[in-house]
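Letters A, B, C and D name the chains as they come in the text, with residue numbers starting at 1 for each one.
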Amino acid sequence: MSEFDTVIKGGIVVTPRDQFRADIGIMGESIVAIGADLTGARTIDASGLLVMPGGVDSHCHIEQLRPDGTADEESFISASMSAFAGGTTSVITFASQFKGRPIGPSLIEYQARAASSMLDYSFHQIITDPTDDVIATEIPALVAAGIRSLKVFLTYDPLHVDDRGFLRILAAARRAGALVTVHCENYAAIGWMTEALLAAGHVAPKYHAWSRPVVVEREATYRAIALAELVDQPIQIFHVSCSEVAEEIARAQARGVKVWAETCPQYLTLTENDMDRPGFDGAKFMCSPAPRDAHAAAGLWAQIKSGTIGVISSDHSGYRIEGPRGKRSAGSDANFRDIPNGLPGLGARLALLFSEGVGGGRISASEFVALTAFNPAELFGLAHKGRLAPGADADIVLWDPAKQVTLRNEMMQHAIDYTPYEGKIVTGFPVLTMRRGEVVMRDGVVQAKPGTGRFMARGPYDYIKPAGHLAHGFDASLHA
Amino acid sequence: MSEFDTVIKGGIVVTPRDQFRADIGIMGESIVAIGADLTGARTIDASGLLVMPGGVDSHCHIEQLRPDGTADEESFISASMSAFAGGTTSVITFASQFKGRPIGPSLIEYQARAASSMLDYSFHQIITDPTDDVIATEIPALVAAGIRSLKVFLTYDPLHVDDRGFLRILAAARRAGALVTVHCENYAAIGWMTEALLAAGHVAPKYHAWSRPVVVEREATYRAIALAELVDQPIQIFHVSCSEVAEEIARAQARGVKVWAETCPQYLTLTENDMDRPGFDGAKFMCSPAPRDAHAAAGLWAQIKSGTIGVISSDHSGYRIEGPRGKRSAGSDANFRDIPNGLPGLGARLALLFSEGVGGGRISASEFVALTAFNPAELFGLAHKGRLAPGADADIVLWDPAKQVTLRNEMMQHAIDYTPYEGKIVTGFPVLTMRRGEVVMRDGVVQAKPGTGRFMARGPYDYIKPAGHLAHGFDASLHA
Amino acid sequence: MSEFDTVIKGGIVVTPRDQFRADIGIMGESIVAIGADLTGARTIDASGLLVMPGGVDSHCHIEQLRPDGTADEESFISASMSAFAGGTTSVITFASQFKGRPIGPSLIEYQARAASSMLDYSFHQIITDPTDDVIATEIPALVAAGIRSLKVFLTYDPLHVDDRGFLRILAAARRAGALVTVHCENYAAIGWMTEALLAAGHVAPKYHAWSRPVVVEREATYRAIALAELVDQPIQIFHVSCSEVAEEIARAQARGVKVWAETCPQYLTLTENDMDRPGFDGAKFMCSPAPRDAHAAAGLWAQIKSGTIGVISSDHSGYRIEGPRGKRSAGSDANFRDIPNGLPGLGARLALLFSEGVGGGRISASEFVALTAFNPAELFGLAHKGRLAPGADADIVLWDPAKQVTLRNEMMQHAIDYTPYEGKIVTGFPVLTMRRGEVVMRDGVVQAKPGTGRFMARGPYDYIKPAGHLAHGFDASLHA
Amino acid sequence: MSEFDTVIKGGIVVTPRDQFRADIGIMGESIVAIGADLTGARTIDASGLLVMPGGVDSHCHIEQLRPDGTADEESFISASMSAFAGGTTSVITFASQFKGRPIGPSLIEYQARAASSMLDYSFHQIITDPTDDVIATEIPALVAAGIRSLKVFLTYDPLHVDDRGFLRILAAARRAGALVTVHCENYAAIGWMTEALLAAGHVAPKYHAWSRPVVVEREATYRAIALAELVDQPIQIFHVSCSEVAEEIARAQARGVKVWAETCPQYLTLTENDMDRPGFDGAKFMCSPAPRDAHAAAGLWAQIKSGTIGVISSDHSGYRIEGPRGKRSAGSDANFRDIPNGLPGLGARLALLFSEGVGGGRISASEFVALTAFNPAELFGLAHKGRLAPGADADIVLWDPAKQVTLRNEMMQHAIDYTPYEGKIVTGFPVLTMRRGEVVMRDGVVQAKPGTGRFMARGPYDYIKPAGHLAHGFDASLHA
């Protein structure tokens, strides 16, 4: 009936709770109408396709700086290509603080590097050194600059923060109105187990999993929630690996604690046995927490279905196998401790999840949209992302639910020389990705100009306001 | 940008998972677009208002026939007025089978009576006598006629069905593709308790609650679920009165049983103490299950929030106080057993729930829409109802979230001479109701022609397909 | 140091919570001392043996009358031999009411038949027809006569009682101070499933298990508890077959309901696959509830360990294979419905449990004593039984914990022509049984005179006094 | 019938699972017989009294050394008097390591000081500094010397051990066969809260409770269990203050983890409101964990009843109010942080628990004996204590269950100048205490010679052997 710049025609529009046949009318960068029989200067045929919001990947490491000034090989450009190829249109990546240094300068460098992005992006600020200045000045400044989420590692040398530091960060976040995300594994336990394993001569990649069994993640998750309860500060638990961990989160949610949870495709599709593949291949599957046993996926799906886990991100953390900083850089028979851990997954996330989830009858297409786009956008305050509604950015993926694809590393279009999902057959694949009204991928071909991505400043948001459960009514964050 | 018959302009559109500012474009009876800056032949200003799907009340008794051929005083016309006044645009009411008689003829009479409705309507067919003919012939015929839900009473003379009858109905529903709804209270226990109470001289209305304590409802709920599990047939539990009952449902849901739950505003706002009001006033609050104690509401809200309970209906079941079949017809000091029980709530449902729920900070406006419109429409297969999306019926309510109203019986516009909520102050109220594109209520004034309501035939639907958990893989329904 | 009639010397005395080396001094029929270095006219050497209270089997069917006046082939004499051979010294068996008849006369006949017993015995009175006279007169008379426990079947033709009847019995028991034991399976569901199975041509013994899956037992258990809660009357759930059922009991116990639970060796050692053995052999393993799958035993052991299940009885219910009323009497290819179900277990109970439990490291010897002797004696008010303490009856079994035995039917010394445990190897076996100071079994040879057993009248007891949880404080039993 | 040195005549003997009328015959220091009509050179009349094993208090601080070489004012002599007055006959107290120093020399001093004891005693060795030498040499030496239990503080300056230290201690205990007991509160959280409270000007005693809310104890309990699971090492959680903490323990127990729990009378009888009494009186009730709210006791009783909590000790930790190291030594308006915390309870433990527990209908007398004597003796390997059986030490308390007493500090006979239970009326009181055959208290008058107490070396014991749950089957303790 009307004239739009672009109309996506004849598809099934999928919202986080519903689906219906409708056209989408786009003007400039935005969706302006969802309706029947729309007409536009340009028409994109979506018959037989699902029309979904572009994926929002709220957990991926891109061009992350190292203390020596170099950065991860996965650049904003390669990451953008991989994301678009896979149907993802916006990401939240990480800015890292280095111990002993302030946040400000490195954040400036991150912003500069991100200027080349084609993806829209925001940052979680990693806090590794909660000095008085960081607490009193830099965290409020971050929030004022639209970076309203912090990341804390409870393990990892040299990133990890102890309980006192974590409490200080939680209190600063509460005062400033930021959300805190947490990597939960027990630092001391992993170190102690690692030493014991190496002392026993257990050095192969599979012992990475032995060094950090479920109980180590479960403990740290419980502790993170407990300390957040003490401060009454909302948190999101990153990369929940199994239902035992999710169960602790579900218990906290049931008593009204504002704790959210995320998992990743690797925990739904890989197991620790993958780390026991012959030769050096096991190293390709090393990440933290480690993939669990064959029962873990079923448990996670149940927790996804029940709502305990609301976000599925990639935790894309790409290390090449070969090359000066690659997984093999310490040798083909390096101790597992010396092999960088992390998996690439930005490009494969949506296809894996759709195939296992929707194709496998475990979730509906609406739940897929909620988990991969709507929920992370809502939780992290990306008001214009993750939704198909008038006023939202025209970030859209057209998805062929019947297309069968054998995953190959070249499809990932990332800077990494392997994918852990090589050869896996998936059903359902993105055929067109649109970012703010512009078609940036069609049939696997990514076309976008570096620098067209935009920083997503996040304004004040209500969604995470504190839960209101303070023991004795005493708000320690006001005094600590 | 375009020309619609009607545009609802400038409101906040509320979907079951999101809300955003948008206009709604309507052509004829349908929504055709949701977008920015729509123009139409007629414009309805919705600034400052919430634009929500018209309420779907999936549980209300209207003009229900009695064995003697008379019917409840709440007619389809008075019920339509009450519903429109309160923001509800479609209902599922009940057709009743009488013991010893077939379903067919009475269903024909229900259809005839419903012809006067202004509301769109469907029926749950009450089965009281699962004869071989009902099982083999009439239930499949009902489903073929678009009546895909059955109702079973596990208590109430003379309606109740015993375990064997219930199993036969479940099996027939499974074969035919119908959902079964259940009133869960233990028949024998209520009868036994009632006799004991009367023998003890406990006759006042408040003893109605004593005659059917929580355990009586909890037991029957557990049993209904167990028998449904045996048959692998989906069910909805009607009018859950407290969290103890909901907990049994949550446990079944967690193991994958297809059991859904409903509660009603009376269980969120009234208590058994209301039945102890002076004089005959207690009788106004008698319904089954009985309202519980002061803690029940908090428990129910938690179960609503967690998703255990997904539908809030009215269980409108109106009896006048005065008149030949009124609550007082057996005298002002009648035994509680002789007082008809049931409450009117069709008109008050949405306002009560919005005020307590959204106003009280317990649920979001999106959750309100899900509970009162989207979820019942989805569960019961009303494809065009309960949603604001292109292609859906233009059943819309404009809601002023700030309007404060003192509830009075005359606002209810029903045929009943009281409301249990007389004098209650609510915040948030409907200011305009539209049914299939036609404004049927504006500022409390209902305007609609009798007979404009439409029977909603429900086609085959996927949502309730059996859960797939059969012990030993044996499908008894194929042989029973 | 002193002169006793008999001293059991040098064994390890096992109490329900402790074990220690001590001698036991016996005068006449009673234990009078537990001490070091006792001397007696007769000395029984117990070096290397465990000295435990004689087994109390609180659930076994002996010489049970049939409506036609005949009785089960397992007579009091054969049952006594079997019990003594297996280390059991007292039993509670059943007196049965027949529908349409009073209790009194049949109880007189039971007492007459029991006069031949060598075992000490009491009765649970089965109530099948709770007429006004039974409720008002006969139940109080039973209690006055020392028969303080009733048995209700919620399933089985023609024994089963409906919910109303069960409520009446519970109330009568509350008024009279009796405990109620319950066979929990859903009558209607079993009947309906059985018909469906037979209609599908599923007739072999294994379909007995299909006709009554776990959910059927779980439902009836929940219902029995709920109705007992309503009346505030303590109950014991008979023969819990799996942890799903036990979990419902544990939940009730946790909220303070007085509900106890029993299981039997068949649920710890057999599975439904045993009913699928070739030929007619499956019939040997038919009992109700049916043995479950291979996981059930582990779940039951956990519930035994946690205390949910406190008694392990035999549910001895012997039917011969051959003979006029035997399992094969309806033919070798009879429908499962026509094969009498029930297993003999009186003689094997203790050896099976000791071997699987104590030998298997699942329970301690003290827990064995608690489960098989002390707890049933305490629960059912057998003040002088199940304990090794001054003043108790000298009912003692000497147990060789290391003795390995291959079970054979002839060891059972019962009237039944098979044991379901034929060929099973157990570790740990009774070598001497003493009943009230008299050695009645030594190395498998039973020596006791018919008629030396004694009726155990049970006096008023405190242990089961009502829980004190009445909704609204209303005690319906006073008026019903 | 025989001649004993002493016979306790005519009482009700209470064992942890039974009670019965019997006499107790004693020769020298030991019980040699339990029987009817015993005769002795000396007869103690116990008619109307309960005869129970002398209390075993497995958690009390006596004459504990401070880093400056002085010791707590509660000496072994005063503690013995208090214990005997209250019915307790053996204790496990603490030997403390000081950071930077070896264990050996201080243990020698403890042994020297304990030489004056009239009570039988053992030690838990507190480890504060798990150096390589402590781990490799001193812990095995302790176990060889009969000190088979270690104590770890997860909070308290300067005692607390971090996660790595705790893991090392757990592994050393596993290798050596010792049990580890744990004080569970989160060190960082308490410190952070305390600073915030003081910064807010909240200095009064009641803020001690605010500084360590339930979540702080719950977290550390969960963590202690998790780390113990990782190592597969049994632990006992000290002084559980409320059911929320106990619930975490119950969950671990249900999955087979060997974790035991203790609570103390202060958590059953006091609340945090007691710390808000006027003037300096609140300081009398300061202990850690802090007493909780008015609901806590009911929750704890439920967890005691269900068996989650199996030991009730005193955590006697006496500080005088007045005097150079007393609670008031920093002034009457000292910051709560500067007031020594700990309560005296050695003398009052049994009377409080009997009155609240047995008198209150919450536990039986047998459960009282289990909780206060049998269970701690069994758990900690005191083979001859806590039981009334031939061969056990004749440690006996005669208890008048009907005696009503108003508690006064002078009855406590300890070195502390107050009791937190001043003026409390209890029903049930010890009237005679016997330690190894010697009457050491009669009607409140203690008579015993210093130095008659004996060190209880604890031999190898089975009860705590590791649970056998190691992730990946890897026993890190063998390599760490």
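Please note the rule applied: a contact is a pair of C-beta atoms (placed from the backbone, for glycine too) under 8 Å apart; a residue touches a chain by one contact, two chains touch by 3 or more.
Keep in mind that what you see is a predicted model, and the values were worked out from it rather than measured.
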{"item": "Chain A-chain D separation of Cα centroids, rounded to whole Å", "value": "49"}
{"item": "Distance between the centres, which are taken as Cα means, of chain D and chain B, whole angstrom", "value": "58"}
{"item": "Rounded Å distance, chain A centre to chain B centre (Cα mean)", "value": "41"}
{"item": "Junction residues of chain A, two or more chains touched", "value": "none"}
{"item": "Touch-based graph of the chains, sorted into line, ring, star, complete or other", "value": "ring"}
{"item": "Chains that touch, pairwise", "value": "A-B, A-D, B-C, C-D"}
{"item": "Residues on chain C engaged by chain B in the complex (per definition of touch)", "value": "162-164, 167-168, 186-189, 191-193, 195-197, 199-200, 202, 209-210, 213-216, 218-219, 222-223, 226-227, 229-230, 471-472, 474, 476-480"}
{"item": "Chain B residues within the chain A interface of the complex", "value": "1-3, 13, 15-18, 20-23, 25, 32-38, 254, 302, 306-307, 370, 374, 387, 389-392"}
